[in-house]
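Structures follow.
Shared chain: chain A. Partners: chain B in the first complex, chain C in the second.
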Partner chain A sequence: MNYPVWVVPYLGGSWVIGIIAIIHIFISHFAVGCGAFFALAEELAYRRGDERIYAFLKQHSRFFVLVTTVAGAVTGVGIWFAVSLVGPDGIASLIQCFSLAWAEEYLFFVAELATAFAYYYTWNKISRQKHLLLARLYMIFSIATLVIINGMLTFMLTPGKWLTSHNWVDGFFNPTYCPSLIIRLLIMFALAGMYALVTSSRIAEPKFRTFMVRYCAKWLLPVFVIGPVVGFWYLTQIPQATMHTIFTGIQSSGVGNFSILARALYLSLILSGTIILFNFFGPYLNPRGFTFRIALLFLVCGLAVTGTTEWMRELLRKPYIVYGYLYSNGMHTDELPAKVDASFLKKGRWATAMATPDMPPVAKGELLFRYECMSCHTVRGYRSMKTLLGPRDEDALVGFLQLLRMRDRSVNPYSGIMPPLVASDDELQCLSKYLATINQKERAQAISMSH
Partner chain B sequence: MDPSQLIPSYQPLPFPLPVWLSQTLLVIGLYLHALPMNVVLGGGFISAALLAASRRDKSSYCWRAGQALASSLPLFISFAITQGIVPLLFVQLLYGPAFYTSSILLAVPWLALVFILLFSYYLSYLVVYRFLKKEGGGNLAPLISLTLLVMSIGFAAIGFTFSNNMTLMLTPDKWAAIYQSNPYGLHLNWQEPQLLPRFLHFFVASFAVAGMTLGCFGLYLLRRSQEFGRWLIRTGSRLFVCFTMVNVGVGLWFFFGGIPARFAHYFAGGDLQATYMFVASLALAAISVICALISSINSSKPAFLSSLVSTLALIFAMIVNRHNLRLFYLQPYLRPETVPVVAQTWLLGIFFVSAVALIAFLFWLGHLVWSAWSKDASVIDESSTA
Partner chain C sequence: MAAELQQENKLAKLIGNFLVSRLSLADLQHLAAKKKVPVHKHSLWYYMGGITMIYFAVQVVTGILLMVYYVPEINAAHASILKINSQIDFGWFIRSLHSWGSTLMILSAAVHLFSSFFMRAYRQPREITWWAGLVLMILCLAFGFTGYLLPWDDLSFFATKVGLDITAKAPLVGGLLGPLLKGGNMISQATISRFFGIHVAILPLTLISLLAVHLMLVQSHGMSEPAAFADTPPEKRRYEPFFPDFFFKDMLVWILALNVLFVLVVLFPWGVGPEANPFAPAPIGIKPEWYFLGAFQFLKLIPPMVGPIEGELFGILAMSLVGLGFLIMPFIDNGSQRRRALLATIYGVAVVLGLIFLSIWGALS
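On to the complex of A and B.
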């Protein structure tokens, strides 16, 4: 309401961020994990004096540089762009709170990239001790970027004491900071192993390929051993309302009406289980039969887990951008009017400016939909209103919207997953009139069926 | 509609550092971004032209110069992207309400530039690894030039989109009409009088900077090959002089035809600080052109170095001019000084200490890589593995 809303038909703004973010996370986690992989694998090569491992690492480092410094860096910028288009209030809050932390992360990022290039361009040109030092430095810098960015990512779900103190330290070192950092590190090691499996699968010499495939497979094991424990720790730190949503979904899964959050959790667990089983019985126990195509399948599975888990993490935060502080539609929690029937279109710069006095009711309703609902819903597409409204007529819509205006959880079952609807009685009528234009066809079908 | 009614509010949170410091970091950050970005933008076109011109003679200086420039582009692109973080961060902190709004109005081209960047960046690697390193690369010359040209058009499109956003954020009076005509973010700022001259002013400057880069390659090569090094200095200086002279014309168009007279007036005595900086940039431009003219005739190393130093100072001065222009435009609408500041002193201290440590580290790393490439690799390897 403070900014104009970018209307993204079908896909919705949230998926514009989502698609870029999933690709970026899949690559950036590899970038950090691979730092540790290079440091440890090169140490192994150094101790054993094994030229084959050096040759492998040299080949892998080109793949690494081409993927991380190009696609990793550019998609990172892409997330920033996308977030500022879809949720400007959210990114502005983060930047006003954490500009210096971000600036600090930039310094480590510069060091990380410079070291990555130096590492790649000095193969066989500097002493091996120095090259190993570069690998270790890269590992330190890349982990440092995670240590910083993790504070801002976790802040959004669990701002903790920051909500009252507004002190950056409270927001940065928030309740999920530590479990999230550990989980991400474990996932990064696993992804480093998965990517290295691709390079390993192309080694010509069978004996060495077997050795490297098994070595890479070991990198996937820690996340599956330690991950569940840390995952449980993470879940104990997230807001109780979110836990309630997860468990409601899990408990009702038997009757088939479980929440999207629970579905995402199941999907993530199933995909992770598939990877661990395939990894254990495939490259770990039977490295000889491991091929390039199977390695690619692992990567696809890894991307699917990353996507599902990140989607779940985003769902956990609903209906907020910053939990308990800023709603997903850009409204601050303290801006919520005391009166249930207070006007929305008299709040916020752009929402107010766009609402002209002579506006027809349907146009006014569309404006309300754009500012209050479109951060999560589309008319036709992702979380489609056309589907969700079904054949409801205007009266039923008014009743439903009145329910969404309520803030008491016992009355409004959507209050934990959607921001409260802010609308005067007149605005509520306008919104229902607009929504009724979306599901005209469904209503007509329902009427003809009843006849 | 009163445009000031459309300026979104800052978030109800304090700034973590003083505004003057944020502005300083914004200007320095943009300077560090502009240097490699100019090399990439102009360097792509110039290397395409050099390689196309010498496609039949792979041993010519022209081919070797084009090859060296094209091979260096991936590194410069990486520097440009990395150094873009700081100005992007501080422009959002200080002028976010204007910047986010204009970005949303141009959302589709603005977001598309990320994909264009990805595409062009990979093309630069394609040129290096698939074409230039292949034996008989000369036969691939037309393909190399074409790829470099497509890559460079991509980078020019990115620059043009930036010019659109950076000008639209300055003119809130246009926002409402643009948004009401279409909320899908499919706009560009075509109606803006300063758009074309402003973009061209940066675009033409990038060719001049790429000329300077060739001259720098010449400085490095003087010890190995005196003749080739001198050729590079001469050619680079000529390119610099030609494009800077063209840019004087574009600059006049920008100043008299692009910027409203009330803002141009600030640079001509209306605002003392802005006038000093503007005059300083004119003087630096004159010095750099005169020195480059000398080195373009006799390949003089001192003349080229003088031109290089004054060009580096000139770019900084132009960035300050650009910043001043933004301040003049936004003054009636946006006042970051009004946002309270609660300085994150410890973090600020850590940031500055880390920045110094980073500079020291980069020197060490640069020295390591430099000496590695200067020595015979096999000798090092034998001694180290022994």
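On to the complex of A and C.
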């Protein structure tokens, strides 16, 4: 409410961030996982003096450098642009809290990039021992970027003691920091194995191909052995209300009230199961038959499960950007007015400037909609208001909005799922007038059917 | 490196040897190793039969689980489905697996049937395999038809009523089959009981028996080879052993097929409509399931009377003739003439395109 709103029709701003972020995650996880893969595989080659492994790694590193430096950088900058436009309040809070951590993150990121280039361009130009050292350095720098960014990402769901102390170290080493770091590392190793399987499937010599395919398949083992235990640890650390939302979603799956969170959870579990079986029956048990096309398909499955799990993680902290501190529509919890019918348009800097006294009610309602609802809903499209409002008329909408204003969970069933509505009685009328312009067609249809 | 691989496989070999000797699997192993699968650009279609089978296995397992709570009684059927969906832990999941599984089973069976047709798998000596496949396809559709009524909701009731009315008008067998299935003049308890019996006993037994024959024939004749592949010189033809190469790839395809099913179930769980009321008017724009939409739309297009013949009867006769074409295809295109092969292709393409076009039209109208 202190910044302009970026209206993204149909898709919604959150999905603009989501799409770019998910692609960036695919690449960044590959970058970190492959750091470990290169270091360990090159050590294997060094110990055995196996030229074939060296040749494989050289070929794999070409693909790796191209993807991580070009696509990784483009999407990384893309996230910053998208987040600044869609959720400026959220990113402002993260920058203010973790200035030092961001600086360190960039430091390691630059070191990671420099080492990646050095690693690729020094093949056969420096001694094997030095090249192995470069691989290890790259692994350390890339994991360091994860160690830092993980603090900020987990802070958003579980700010922990930071909520009272406002000390950045408390926010950084928050309750989900450790389980999240371990599980991310495991996923990164698995993805590194999957990417390497694509390269391995193209090796011409059958015996070496069998060896490399099996070697890469083993990189998926840690996530499936340790992953469930760490996943359980992670779940014990997330807020109680979030766990409640998950269980409600699971219990009500069969009666139509099937939450997106529950769907994302099921999808994540199902796709993970697919990966386990596929990995066992494919590259491990039948390395000879594991062709390039199958490897690509397998990688797509792996990316799908990673994307779904990230989507689920994002859903866990709804309706907040920073849990218990900042709502998804940019309103801070401590800024919530004590009175239920306090004005919204007199609070935010930009929103106040936009709301001129002679503004027509419908335009004022649209302004309120943009600031209070549009971070999660679109007019027509993702979480469409047109669908959600159904055939409600203006009076029904006023009643519904009055309910959304309530902060008592026993009265307002949406409390905890949506940010509380802040609106004076006059603003509430304006908002309902605007919403009634969205579902005109549905209302007309309902009236004609009742006749 | 080789020594390392041997070490890794030591445990697997130990277990394998134990099972081979205790279960006398050597003959089976020999048979599987002897079987070769042709490798060519159309090899992808060889997986469709396996996919259909895995979906059928899902139907059997989920069907048995649903029978634990489903009550085939006119006053309790709908309530039992509601209970499965809302009160039984993961009941909605099992039911959705069954409902989506039936759709995918019919889809994959249809793709298998048409891909076999276009690969000329009906030619000598595989005529009986082809006919068995045709009957299996009909059985799959019968599964869909009989299972659709069981939830006893508004849509299933009226869609079945339309389906039974059409069945009753079928030439020769319609007069007998219609009342036999309905168990009286209208859809009632007798209909549910009969449909349930057919769905859970008669159809599975028939399908499993026929499937055994179909598989046995596939085993004895081997995989059919497209003409272009068969015409290439023997030294240029490539084959892979059925076991383990093809078998493990088949497993991967099964895993993916199951994955598609699970994703559909999770994203679009199968709902249940309001309880059927036989005395209420039929809902506006009622349509059958997608696999009957083409036939439904075709019948809708035919005028009430075509010359001296009643419109619906004419339509059923026309559709029966199309079906007959598939039945007698092994005699028409026996591989002796190119012209006949071309005719078969045109016939197959026309039927596929017609079916797709009518189904889309039916869905949109």
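We adopt the following convention: the second predicted complex is superposed on the first by the 449 of 451 C-alpha atoms of A that agree within 3 Å, B and C clash if a C-alpha of one lies under 4 Å from a C-alpha of the other, contacts with A are read in each partner's own complex, and residues count from 1 in each chain.
As a convention for this text, a residue touches a chain if its C-beta (ideal position, glycine included) is under 8 Å from a C-beta of that chain, and two chains touch if they have at least 3 such contacts.
Keep in mind the model is a prediction, meaning the values are calculated, not measured.
Model built by superposing both complexes on chain A: chain B and chain C fit together without a clash. By the touch criterion defined above, A:T115 reaches chain B but does not reach chain C. Of the two partner chains, chain C is the only one that A:G282 touches; chain B does not reach it.
Of the two partner chains, neither chain B nor chain C is touched by A:H244.
Touch criterion met: A:A103 reaches chain B, while chain C stays clear of it.
Once the two complexes are laid over each other on the shared chain, residue contacts for A:I95 go to chain B alone; chain C is not touched.
In the superposition on chain A, no contact is made by A:R380 with either chain B or chain C.
Put simply, the nearest alpha carbons of chain B and chain C end up 20 Å apart when the two models share chain A.
Residues of chain C that touch chain A in their complex: 1-2, 4-5, 8, 84-86, 91-93, 240, 244-246, 248-249, 251-252, 255-256, 258-259, 262-263, 266-267, 269, 271. Of all residues in chain B, only 1, 5-17, 22, 25, 75, 78, 81-86, 88-90, 92-93, 96-97, 99-101, 103-105, 107, 110-111, 113-115, 117-118, 121-122, 125, 175-176, 179-180, 183-185, 344, 347-348, 350-351, 354-355, 358, 361-362, 365, 368-369, 372-373, 375, 377, 380-381, 383-385 touch chain A in the complex they form. Of all the residues in chain A, the ones that touch chain C in their complex are 207-208, 210-211, 214, 253-256, 258, 263, 266-267, 270-271, 274, 277-278, 281-282, 285-286, 288-289, 294, 297, 301. Residues of chain A that touch chain B in their complex: 2-9, 16, 20, 66, 69-71, 73-75, 77-78, 80-82, 84-85, 88-89, 91-93, 95-104, 106-111, 113-115, 117-118, 121-122, 124-130, 166, 168, 332, 349-350, 352-354, 370.
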